[in-house]
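To keep things simple, chains are lettered A, B and C as they appear, and every chain counts its residues starting from 1.
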């Protein structure tokens, strides 16, 4: 059983982020809230998120699973205005999720989750941590487009840098204590990532969010942040591109 | 002879609606006003409209006919700002209609009307009548897109429903006395219509209009409304899709 | 050596106009300012511009040349908000121009100018002169689209006219002293120009600019205007289409 009401902005934020990785996902439902672990088809990026019941306007649920086609949810979200409340209710008999927005009812068939593998998110301990407004990263990404397919993240001392180097041209964004919330980089760390993955995910994060970046040389980057007050937690991992010499 | 001035919004509203059916039309001109009967090439939808001289800022005309390419009129409308007055004058010698917007003059060749058949609009007496703000229908259509190619209109008692059912998913909008201006449905009536026709026409109606829907089971739907105060009347008919069992 | 700071709007205005003609250009740099002469690949249109050092927020330069790919500069401009200052500095050792916008650094390889021919702008003395807000020309162009590939400019007495004539349709914009800043047309002059060239350039001019048009029968049209206060001067020449009888 699952029955909940959620602000349309919150649902939109979640769907936009997850759909940068994958279209069909399995939400694990419990009385405490919704959670999800997903990996993109190429196994380059992972997202793990938890939305506690407190993030919802109302929430009632047993243990269950919901297989959802995010493209369909995007269509539902187009029917909502900012501030609208979206009701969702599982119709277990017909394998559907029923959305209600005002006087509109949208019955959506659930996706079979039996073929969806459980995703194992690796536990990593990385040496550097940077807290930065995501809007800064969004600007740095914009500067990098059409220069190269890769972007390097570099932390050293009090400075965090996004660097994109092509054959002849380069772009970089250098952030210091005037832009960063905090930085802890005991030694210089640097990793290179596929720009399209990094860009799609970072752009999907609401621009007023502050993210925590965990970074190490030639390790995945981890991006952590809260949604819906403190009631939602998102962890995103992106595999590095390791250059052979 | 035909010489008239019209608010650009009024002309835009007319052109947008008619052009959902057909590109080239014949307007019948008389001293009392303009009228038009048109059917789409597949004979699925019809529109009949009358714009009385009182809808115009100024109006002078004899009995005549004007064959007009609506795509060209749309180009003219792009030159007008909201509130602009558009002057139109027939140049019978050159077979043209001359539009003036401020200091711009646009001479447009008229289309030969001799091959355009007169359209007979059937007189129907349908059992149910619903008055509803078109903005509600526009919302219901938005919910129906990408679910099915057909939409059902259902009236029963105090309730009017738009229902779109696909193989696995469905969307419906249920309107009661809190959203309807009035409803008269002595018995349950239900008909199914092609969504693209219904959607294109309903979306072209200015969103502050209240429409009157006449409905019966497996009959065409009739949509009536006024434009330009009470000086313009539009009647739209859309053929049902009748399902064989 | 070249090192300068410029408002992003000023750079954007210049780049948009020049890029209607050609993608890669050679700027001639001197202590007094930047200048450029460029012709489009088909030799139909030319632009000559001078931006004096006073147009810049700061300016330091020797005699040098900068070969620039305008598409890349457009990408840089997307990073700037209105009111931002863009810093540019030549890195002669690496053949690059370094742009800085806030904490973003964009290193751009310069284009080899050795194969770019010097452009000779012909000195013409034309009989008629019209001063007109470019916003009026922009409206006239909009009315001409989809009618013909050519547009005629006509000056006579107190009247300046844009005329676009197709096989059956026509559009014209007639401007008199109520719209013109000034006109000097001792005798009737008329020339016809390719609409795409004229349209692309006129649309790229900021809409609050007043342009001076020099015109003669079957001669190129010259369009002069100032940018950045009086510190920038632009001259644009467009070859006429001369009809053979």
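Throughout what follows, a residue touches a chain if its C-beta (ideal position, glycine included) is under 8 Å from a C-beta of that chain, and two chains touch if they have at least 3 such contacts.
Just so it is clear, the structure is predicted and the values come from calculations on it, not from any experiment.
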Equivalent interface positions on chain B and chain C, same or different at half: different
Angular offset of chain A relative to chain C [C-alpha, multiple of 5 degrees]: 120
Inter-chain centre distance, chain B versus chain C - centres from mean C-alpha coordinates, in Å: 45
Set of chain B residues in contact with two or more other chains: none
Contact set on chain A toward chain C in their complex: 139-140, 142-143, 145-146, 168-175, 179
Residues of chain A that touch chain B when the two form their complex: 72, 75, 78-79, 96, 103-109
